[in-house]
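Same chain, two partners: subunit A is paired with subunit B first, then with subunit C.
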Partner chain A sequence: MTHKGSSLYRGYALFLLPGVLAFLVLILFPFLANIGLSFTKWSGVGKPVWIGLANYERAISDSSFWASFKNNLLLIVAMTIIPTIVGLFLAAFLFDYIADKFGQGVASIFRAGFYLPQIIPLVVAGIVWRWIYQPQWGALNGLLRFLGLDSLARPWLGDHSTAMYAVMGMMVWFQIGYPLVIFMAALQRIDPELYEAAALDGASWLQKFFRITIHLIRPEIAVVVLTTAIHALKIFAPIYSMTRGGPGKATIVASYFSYQNFFERSNVGYGATIATILTLIIVLLTIGFILAQTRREE
Partner chain B sequence: MSSVYKTSRRHFLKLCVGTTGVLALAACAPITPPTAPTAAPAPLPAEKRVFKVWHYEVGYAMGDSWADAMEDFKAMHPDVELVFEEKTFEQIMETARMILSSQEVPDVMEINKGNATAGLYSKEGLLTDLTEVAKERGWDKILSPSVQTTCRYDENGIMGSGKLYGVTTYGEFVMVYYNKDMFKQHGVEVPTSLEEFEAIADKFLAEGITPLTLGAADLWPQTHNWQELLLYKADRELINNFQFLKGEVDFHGPAFSFAAEKFAEHIRKGYYGPNANAVSYVDANSVFFQGKAPMNLTGTWAFGEFMKQIKDFDWGMFLMPGKKLNTGSGGNLWIVPAHAKNKDLAYDFIDLTLAKKAQTVLANAGGIALNADLSQVTDPKVRELNALFATIIENDGLAFYPDWPVPGYLDILGGCLQDLIAGIKSPAEFNDCIAGPYNEYKASL
Partner chain C sequence: MVSKSLIADGVSKSLSLVILIVLLLAVLSPFAIITFNTFKTEAELYTRGPLSLPKSLDLTTLRETWARVDYTTKLMNSLVISTAVAFLAVGLSLLNAYALGIGQIRGRAFLLVLFILAITLPEEVLAYPLYYFFKSVGLYNTRLAVILVLTVLHASYGTYLLTSVFSVFSRELIDAAMIDGCNKLQLLFKIIVPLSKPSLSVLFVFFFIWTWNAFFLPLIFLVSNTKQTVPLAAAVFQTQHETLLTPQSASAFLGVLPCLIFFVLFQRTLTKGITVGALK
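For the complex of A and B:
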């Protein structure tokens, strides 16, 4: 049995080869090279010079580095926390109310509408929102002026106090469809009898929502929170296309800061350090999350 | 870094990083250190030789001029197959160092001038020294000394002296485009001093018109407005010290203090309107195209665009008046990679791009030629433009771009200027903001 099993596995190993090779070439090797570079001072040309932990020490005392991670945390609010909460309520609303009253078709139209931003490349969405936020002829200020709220019109992306919130607003819009679609799929697998039983016991909609819905679709919520948090941590495209980290350093994020050092400032070693720290945080977050999830399931 | 100033290119970046995440940063880095350049093997005459040119100027005057030179090259070398590969500015910015280190190099390639690019590559021996060839072929006569500044790099890769590693075929500078109709309506004339310039701006302001349009969201445009003010008090020595990281640069001395205080004063008075930090370069120009702003301080690279876009009013140009130095430089560089296989053909090609014929095509397309037959240039505006450049050259007035000295200085300077525009940094704090990274880099050399 053992002998048979192992030869069987040997046969399978061959099929794993392409995946393993791709993993080695595209992920593991560049990752290790990146870690290696993070201990060097290198302009991108010539020989890297080993400088030990100096880049890491520099990162710890670099205000731009901390500003970038603070903005990543704000993006977790905009891309994970808000979309998950809003997505949950919206999904339940579409599923329980819209589909019930107006039919499955209408609910599907809404779902597709909310999901639409997700199929637009983020860079394109960023450029479009830059137009919306444009101070002189942008749609947002135009709408405010039309409503007589001229005093609220401002240079959204150009003002230090509003730029980050403007980016967050765009990301909420972009992100909402993703949890919505997953949660609506999850709702379909809940046994309707549970709701019927709860209704017979006199449970309100909110009680059913909190006691049944959220409880039963917890695995989906976990997946959404984890994937969107990772996305928020490594976010690059909207910053690149909307603000380039500005004004000043108001919207700088870790991956853009890394890019600036890597490509624009020829501080390849330092850029690699930031990328390594970012990767480390993402990996730790993922492990922590998976551990918490498994413990709960047990 | 002229092409940084053409934002449209930046929008089409190949998002090597953005799409694949952080790990891609590492994947983009070359794995092995570059090998020392080896002598190019002698080409085999029996085979049809392939000559490769890369540049990123398609759609601009330079692109037109070089296309003309390529036709001439084909006529000159019927036995050679010329392959032109169009690149984007970002592709070259992000991959040049890896390409130049490899054996798969083109024979002639356009790269960005400056310490962070051409300087870095020359220091590592990735570029061919063109000093002797330039003498033989007379390029050094066509390129005036202040144009050559950006072509020469010393052994540390610092611009301004040393061997000639690149050849530019055009010039560029910063000037004020003005709306002649608006000037006439409001009874103002082209200024001859900074005071007159301010008086004009004040007059427009008093009549409810924002005098200048500025797209500070893109980081680089405001660096020109600022440097033009710096050049009122900075002399050639200070500019050269600042650019070539030599001598003393006092960021709290009279010149830098004047520039920061003056710029802050202009902002406070409302010369640029309240939204400058949120306006992109493209939008700022379109405000001018629509006849809504009387003045727009920007570079000659936008000249062709202005010619095309403006139909409804008459416009003209002037240099910021009352000073000798002017933001500007020779253009980006033709370089011959150290590993190029057809260097002889590369020199022939560069020759053709500097020749009267291609240069006249350049001027007629709205570019600033170094060797054009101006009698063949028909458009009066283009003649005026080329005449302004001649004035700057006569004064030895090219003062380069302020983001050149330090790699990545554009983000720093542009970002600190955004803070100054927003009023969250005082002029003195702004000068600290730009002094820190500059001095840090200088100390690391």
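For the complex of A and C:
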């Protein structure tokens, strides 16, 4: 026991062995291989042919590539910006008002209800909404006709001008519950005395909301914004089940475009390029975000 | 004056509740619509529209869809894959985090960054090399392939989360156990595991549900009908039966149903877990 402290905590590397080995074989190696493939032309059979940066040049001049990233940006609006703002107000409303007037139980029921879409597989959520958007027998057009708004009824997912908005609508529905649950938990750790002091100073609800609530739960807002933005960039399943990127390129996203190149068009090298660019964007976003956070904390 | 403001208060109180209920019903309506139309016949849908309540609980569509997608097999596949991944990924996270959070490992920070990057990685960037690799070693179109990849991906998250839990674990307790002659395996299974059961069970539930809901990797690794999972079956069914509306509704209903059951079972763990995950 002479080297107490330090020596007690040595020799743990053996426990890392299975994890690190599995990580190398199933994540790191495929990841590097994909980057390697992005510099080649390969159909999946035979030998890959080295073509340098040609795939990257092709991406820059490819309208499908730009369309897919534009749609990923629209998904950030639907999955990050709208749910964060709505979630903030809804959480504050449930926490300050509903829980206060009707009890914690009622607020919890609403929270659980809004969270419910989050637990179903996104591909199934896509199928549910495809059904709702169905042109002749879908519930949305059914509802519009019922309300006498027949002129608004349309093939939502089949129409170039509405397809992406229809996808966005479904994603807002899916995503609202996530910020709500996190923000409601965050509100619980705010000292109520802060609100009481503000109330004594004559602050209105909105003033308290902007000056105290938003300010104090900034760490949670940051986490929600980062995780949902990454999620929006990676989205695949609902596009697969709702539109397959169509009509035309109206709802194509980066991951679906890459999947098409891999498995439908046998452009493995080009698919790898798109996947690599997507990864680069996500990694840069994450690093930039974490740096901004730590700088703010200092 | 007092009574007037009381009335105004009562009105705004009930008004806010009504607005909230309408909002909630709007959010829940897709579930209701799918359920209603699963129990209608095709003819009833065409005559009475998608919004009406079903006249009777007609189980024909549901039963036929169940048989046509071989739902029992899909349920078993999903159950086997999700349970295996949950166990393996919790175990792997535990071992990793034990070394990184309790032990002193050289390159700890670097390894943690690697794991965090693995969490954020889009699956497409692993897809083709893994697809090729599994084909060459004979694991393509096996449940094991999906289990292996999802275990490692989820364990990245678990490692990151558990490491931060373990790094604040009571050092006095560990020191005392070690001085009493406890070896590293005993320390792990007699002290660390029992005391971190809440975190481990949250991870288990998370991994189970994430795996159940996974789509992209099962889509590219599981091609044969007998290997596919519930979400995959719903998507495949939809493409094969484009024109039949009530069976499509039924397949969506069958895709949603297990998750509703999990939600009822794990509601507390889920909401607790996502907040824990967000703050660590």
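The criterion applied here is as follows: the second predicted complex is superposed on the first by the 288 of 298 C-alpha atoms of A that agree within 3 Å, B and C clash if a C-alpha of one lies under 4 Å from a C-alpha of the other, contacts with A are read in each partner's own complex, and residues count from 1 in each chain.
The working rule: contacts are C-beta pairs under 8 Å (C-beta built on N, C-alpha and C of every residue); 3 or more make two chains touch, one makes a residue touch a chain.
Keep in mind that this is a model prediction, so the values were computed, not measured.
Of the two partner chains placed around the shared chain by superposition, subunit B and subunit C are both touched by A:Gln134. After overlaying the two complexes on the shared chain, residue contacts for A:Lys249 are found with subunit B alone; subunit C is out of touch.
Contact with subunit C, but none with subunit B, is seen for A:Phe15 once the two complexes are overlaid on the shared chain. After overlaying the two complexes on the shared chain, residue contacts for A:Arg295 are found with neither subunit B nor subunit C. Contacts of A:Ser43 after superposition on the shared chain: subunit B is touched, whereas subunit C is not.
In the superposed model, C is the one of subunit B and subunit C that contacts more residues of subunit A. Look at A:Gly271: by the touch rule set out above, it reaches both subunit B and subunit C. Of the residues of subunit A, those at positions 26-27, 30-31, 33-34, 37, 44, 122-123, 127, 130, 134, 234, 236-237, 240-241, 255, 258-259, 262-263, 268, 271-272, 275, 278-279 touch subunit B in one of the two structures and subunit C in the other.
Those residues of subunit A whose C-beta lies close enough to touch subunit B in the complex are 26-27, 30-31, 33-34, 37, 43-48, 122-123, 127, 130, 133-136, 155-160, 234, 236-237, 240-241, 243-249, 255, 258-268, 271-272, 275, 278-279.
On subunit A, the positions that touch subunit C within their shared complex are 1, 4-6, 8-16, 18-20, 22-23, 26-31, 33-34, 37, 44, 93-94, 97-98, 101-102, 110-117, 119-124, 127-132, 134, 137-139, 142-143, 146, 173, 176, 178, 181-182, 185-186, 219-220, 223-224, 227, 230, 233-234, 236-237, 240-241, 254-255, 258-259, 262-263, 268, 271-272, 274-276, 278-279, 282-283, 286. Residue ranges of subunit C in contact with subunit A, taken from their complex: 13, 16-17, 20, 24, 27-31, 33-34, 37, 45-46, 49-51, 92-93, 95-96, 98-100, 102-105, 111, 114-118, 120-133, 148-149, 151-153, 155-156, 159, 174-175, 178-179, 184, 188, 209, 212-216, 219-220, 230-232, 234-235, 238, 245, 248-249, 251-252, 255-256, 259-260, 262-263, 267, 270-271, 274-275, 278-279. Residues 11, 13, 15, 17-19, 21-31, 33-34, 93-94, 97, 100-101, 116, 120-121, 123-124, 126, 216-219, 274-280, 283, 287, 406-408, 410-411, 414-416, 418-419, 421-422, 424 of subunit B are the ones touching subunit A in the complex.
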